[in-house]
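Note that the chains are named A, B, C, D and E in the order they appear, and that numbering of residues resets to 1 at the start of each chain.
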C-alpha cells in the first residue's frame, strides 16, 4: 500500500507545538460549524470520517485493504438502533453495545482473514461481509428494505436531550474527537511502532520475535470496533439503520474516501469523507449526473492527485512541523 | 561448560514437491563458537536456516535448542527463546528510521508492545542503547534516515545491529557480507568476532577469506547433504570440497 | 589491436540520466567481433548504467551507440534486441510467475544460430533438474545461471553480462569462466561487467576502467600483470 | 418419479442445465477479467460496464443502422475494445508502476462515468433486443424446453473459453504477459514490444466482455446496470478460480453457475450469496484459489 | 400565513435507478406542470419545486427529507417511489408535521400501521392491484396460482394481497418462490413454476424484474405449455420496454391510462411534449394530481401548517386537468380512493400508434378497488 506515513521525530519546538495549534484551529472551526452549515450534514460527515479513519488504521498502518468494513458499520447501526428502539437503552449504552458487537464480529472475521494478504484479504473480507449482508437481509429484526426506522435519539446519560440537533451535533463531535485521539494514540504507541514494522517487513518482524498475527488481529478489532461506533452514531443521527450501510457499496465508499483523502494520514480520511458526502449532498437532484461527476472526480484524483487531498498539502504542512 | 551443543538437528529434511532440498542433516553447533555453513549454490544453506528458525515447516527431523525440542515451535517464539536470524536479502523496516529499526527490536523486551494506549514517547528510554548499537556497526550518522533510503551495504549493517539488539544467545547470519564493500567487510568481520564472545553464531558465507578467518567449525553442504565438517584447515584440503565448492583456487576470493 | 572501424559495438560520447541525475558523462569504448571485453570500476561508477543504456533501457540518453553499423541511440529496447544484443541484468531478472523452463524459453529467438536448448542444459545441468520449479524458488546462484542460460538461445551474438559471478560459489565462478571462454570460441562477442578482476583476467581480452561515468583507462589483458598496481589504485582495493 | 432434494430428477436436470447456461456468462466475463487481472495486474472494475457497452452497441446498431445480431456479434467487441484501448493508452498505462488499488479506483470511476452516461441517455428500463431468427424457438428435451438461443450461448462461450485458453497457455503470449507484469523493461529488452502487447491484451479482455454483452442482449433486456449487478460476482469467480489462472476462471465460472442454479431450487433467497459462501470456504482451505499457484 | 413567504414542494424520487422511468424526472415534470397550471403562486406566495434522487434507499430518502424540512423550508414531499423510501420519509414528515404525497410506492402499510395525519397515498396500492388483476384472472378460470415474488417488503406485500383475493374467490395457491431483488435470470424460477403445474404464474414483482420474467417465460415456452402469466404490477413503461409482441393479451390493473379520454389525452400530450414523446405512467399523473390538490388545499387553508392543510385536503373535492382521480376522495387513513382500470394489452395489430397499448376492460369503482376503511389498522381510523 502506498502510504505516506510521516514518521518525523516529533518536531520539538517549545511552547504549544504547531501541531497543537493546528488541531486547535480545526477544533474551533468544528465547534462553530453548525451555526453556518446544516448540522445533520456535518454529523453525517463526522460519522463517515470516523468510519474512514477506523478503516485507515488497517489500510494505512497495517497495509491490509479490507473490502468488507461495511459489515461492522452497518451491523453496529442495526444493533444500536434495535437496542435504542426496542429495548429503550440510553444512547451511550446503545452505542457502546453496537461498538462491542462490531469489535466481536471483528474478532471473528479478523481471525479468519488475518492470515491472508493483499487481494486475498480484501476478497475474504468481502465474502464474509456479503454473508453478513445476507443475514441482515433475511433476519426479521432488521426489517428488510425498510430498515429500523424511527429510532429514538434518547437522552444522553438520561439527561441531555439528543433530539435537539445542536445537542446531538456536539455529542457526535465529542465522540469523533475522542475516537480520533484514540486512533492517533494507537498509531503513535509502542503497539503502533510494531504495526509499522510489520507492514514494512513481516518476516523480519517475525524473526525479531513478534507474533505478527496477534498484532494485526488487535488492530483489526480496533478498526472494526470504531467502524461500528461510526455506524452506531449514524443510526442515532438519522434515526434509521438500513441495508445500505451493510451493502458492499458502503465498503467501497469507505475505501474511496480514504484514498481520496490520503491513505495513512490522520486527517486524510476526514477530508475524503467530507468530499464524498458533499458530492452526494450537492448533486442529489442531478440523477445519473451524480455518478458521472463522482466517477470523474475519482478519475482525476487517481491521475493527478494520487496522494489524496491531504497528500497534496502534506509537504507544505510538514515544513511547518505539522503531521497531516 | 563451553563444550556442549546449543543447537542440534537430527535428520533435518525438507522436500519441495518431489525435490529434496535438505536431506538428513545432522548439525551440531557448539556453544560460544562461530560455525560456518558453506556449499555450492542451491546446496540448501538458506533452506537450513529457514528450517531451524521454522520459517519453513520441516518434512522430517527434529531440532533442539538448549536441549529443548523446538521442532513444533512458531518462528516468533523461537526468536523469543533467544535464537535470531538475519536474511540473505537485506531485511530492514524501510519506512522506519535507522534508530527506530533498532528500537523495534529493543522494544520487545520492554513488554509494552501490545499497549496501544501508551504514547510512543515511552520508547525514548531505549534510544541510548539503540545508538550504541548503531555506533557498533558504523551507521550512527544515518540514525534519522528512513532505512529504505540507505545503500545496500549500510542496510546489511543496520540489519546486524537490529539482530544484536535482541541480545540473542544464538545468531544465524545468512551471507552477512554479501554486497558490502571491502572496507565494510573487514569491519563487519571484526564486529562478528567481537559479538561472538558470549554468543553462538551460525553463518552462511561465500567469502572464503571471511570464513577462514572467523569460523571455528565449518560444515559443507552439497545437494542438501553434509559433505564434510571440520576446521578450515581440514576442509580446505578435502578433495571433495574442492571439487564441489572451492574449485582450484582461481579468482575465488578478491 | 584491431582498428576501430571494424568494431561490432561502438560507444561514443554516451551520456545517460536517471531522472535528473546525470550518470554517464561521455562513455567511449568499442568491442570487436569475437572479443571479450570487461568494464571494471568501483560501486556506482556507472557500469550497469552503461549496459542498460546500450540495451536502450535508460529513458534519457545521448551520444552514439552503434551496433554492427546501426545507430541505436534512439531505438526502443525491443528493436535493439532484435539486432542481436542480449542482456543478463545485474539483479538477474528471474520471473517469479514463471517456472524455470518458462523463464528459459521466454526470450524470443531474434536471429538464427542460437544454442539449442539441449546444449544450454548441457552447460547448466542443474537447471534441467529444476526445470519445473518456480523461477524465484531457485537458490541465488541457480538464478544467476538461469539468467545467463536463457539469453544463449536467442541467437543474439552480442552478450552483455552484468556481474554474472555475484553470489556464486567459487567453483561455479570457475564454471562460468569456462562457459564464457566456450562462448567466445563459438564466436559470441561479450561485454562483461565485473568487480572481481581476478576472475575478469581469466576470460577477457581487454579491460576498460570506468569512473564517474567516463572511461579512464584501457588495459589489454596481456598487460594486466604489469599494470596491477595502477588497476588496484583505480579500484581502491 | 425419482426425486432429489425433494424435486423430481427431471426438473433437477433442467435446473442443472440452466445453471450451466448462467455459468457460461460467468465464465466469459471472469475469463476476460482474469486475463486483465492475472496477466496485467489491473483490477478492471469497468469490466461490467464494458459488458453492458457490448450489449448497447448491438442494440444501437440494430436500432439506428439496422445491423443484425451477427454483425453485432462480430463488430461490437471490436468497437468496445477500441474504446478500451483508448482508455488503456490514455489513463491505465500511467498506473502500471503503482499499487493495484489505483487501477481499481480508476476503472471504478470509469465504470461510474460510463454507466451514468448510458443511464442519462437511455434511462433504466432496458431496451428489448430480439433473439435472431436463426436461433429462435427451442427443443423439447423431455425434462425441459431448451431455447435454441441458450444452447447457442453455451456453445459460443465454450468455444471462446477454450480458444482463449489455448491462446494464452499454448502460445507464449501468456508467459510474456506474466513476465511483463513483473519486469516490463527487461521483457522489452528481450525484443518484445511490451506496451503494444499490454494494450492489445487489455483490448482483448474488453472484447471478451463486450462479446458476452452481445450474447446477453437477447436474453436480458439491454440495460445500463446489467453489468454492475454482475461484476462483484464475477470478481468472486476469478478469486475462487485462482487469480491469473485462465482455466480456473473458466471451470469455476461454469461450476458456480451450476451451484447457484441448485441453490435457486433449494434455498432461492440465498442464490446470490452462495458464491460468497464458497469463496470463504475455498480461501480458507486453498488460499490461492482452486487453480491458483502458490499463495 | 406561509412560512418564509414561500411554498416549496420537494419531489423525492428515483432519478437514476430501476424506477427512474416510471417515476423519476417525469414525476418532477408533472409536479412542475401542476404548479404552472395553478398559476405559480398560492395567494400571491410563489411556489417552487425542488427535486432529489433517493436512489430507492431508505437512508438517503430520510436524510434528504430531513434536510429539506430542517434547512430548506420544504413544506411537502411528493412522489416517493419505493415503499422503503416512502416509509422513511413518512417517519420524518410525521415527526415534523409536514405533508407527504406518496405516489409511486405500492405497499399497503402506508395507510395501515404507518399511516399519518399528514400523509397521503395517492395513486394505487397492492390491495387495489390484487383486487383488479387477480379477481379478473380467477374469474376467467385461473384458479391455481404459483408466485414469483421479489424478496423484499413490496413483493411479499403484493403476494399476500393477491393470495387473499385468489383464496377469497375459491382459487388455490400451489406455491411461491422468492427471488432475489433485483434479479435478471428467471429461468430457474420459471421452471419451478412450470413443474408446480399451476395455471397462473403470478409475478409479485415490478419493473425490470417483471419485464425479464415475462420475456424469459416466452423464451422458455411457458405460455405455450398452457400456463399464463399474471403481471401483478405492470406500468405502461414496462409494456413499452417489452414490446407489444411479447406483452399482448396481458391483463393488468392501473390507476391511469393516457389514452382513456380526451382529458387524459390532452394532459398527457402536454407532458409528452417535454418528455421526448414518451407517455406518462400512472405515477406521473398521480404526482400531478396530488401536487395540484395540495396547492388547492394550501390556498384554502391560507397557511402551510401541515395538519391544517391536510384537513383541507380531506375536505376539498379532487379534480384536476390530468383526468386522474375519477371519483376521488381522501379517507381518514390517508388513502386517496379513486377508480381503477382493468386493462388488457393490445395485439400489435390493434395498436394505432406509439404508446397505444391498452384496451380498458373494466372500470373498478374506487370503493371496490381499495381496502375498506373498516379493515384498516391505521390508528387514525376510529372504530
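Observations
Just so we're on the same page, a contact is a pair of C-beta atoms (placed from the backbone, for glycine too) under 8 Å apart; a residue touches a chain by one contact, two chains touch by 3 or more.
Keep in mind it's a predicted model, so treat the numbers as computed, not measured.
The chains in contact with subunit A and with subunit E alike are D. For the interfaces A-B and C-D, the C-beta contact count is higher for A-B.
On a Cα centroid basis, the chain most remote from subunit A in this structure is C. When chain centres are defined as mean Cα coordinates, B lies farthest from subunit D.
The distance from the centre of subunit D to the centre of subunit E, with each centre set as the mean of the Cα atoms, comes to 36 Å. If each chain is reduced to the centroid of its CA atoms, subunit B and subunit C end up 32 Å from each other.
Distance between chain centres (mean CA atoms), subunit C to subunit E: 77 Å. Each chain gets a centre from the mean of its Cα atoms; for subunit B and subunit D, those two points are 49 Å apart.
Residue positions 116, 119, 269, 272 of subunit D are each in touch with at least two other chains. Shared interface positions of subunit A, defined as residues touching 2 or more other chains, are 137, 287-288, 290-291. Among the residues of subunit C, none is found touching two or more other chains. Applying the touch criterion to all chain pairs gives A-B, A-D, A-E, B-C, C-D, D-E.
Against subunit B, in their complex, subunit C makes its touches with residues 43, 126, 130, 133, 137-142, 144-145, 167-174, 177, 195-199, 201-202, 236-237.
Per the touch definition, subunit A reaches subunit B in the complex via residues 3, 5, 7, 9-10, 185-186, 188-194, 196-197, 199-201, 203-212, 214-215, 218, 222.
Touching subunit A in their complex are the following residues of subunit D: 43, 91, 94-95, 98-102, 105-106, 108-117, 119-120, 232, 235-236, 239, 243, 269-270, 272-273, 276-277, 279-280, 283-284, 287-288. Listed in rising order, the residues of subunit D touching subunit E in the complex are 7-8, 11, 14-15, 18-19, 21-22, 116, 119, 123-128, 131, 138, 144-145, 147, 149-150, 219-221, 223, 225-226, 229, 261, 264-265, 268-269, 271-272. Interface residues of subunit B, counted against subunit C in their complex, comprise 16, 19, 38-43, 46, 88, 175, 178, 181-182, 206, 208, 243-248, 250-254.
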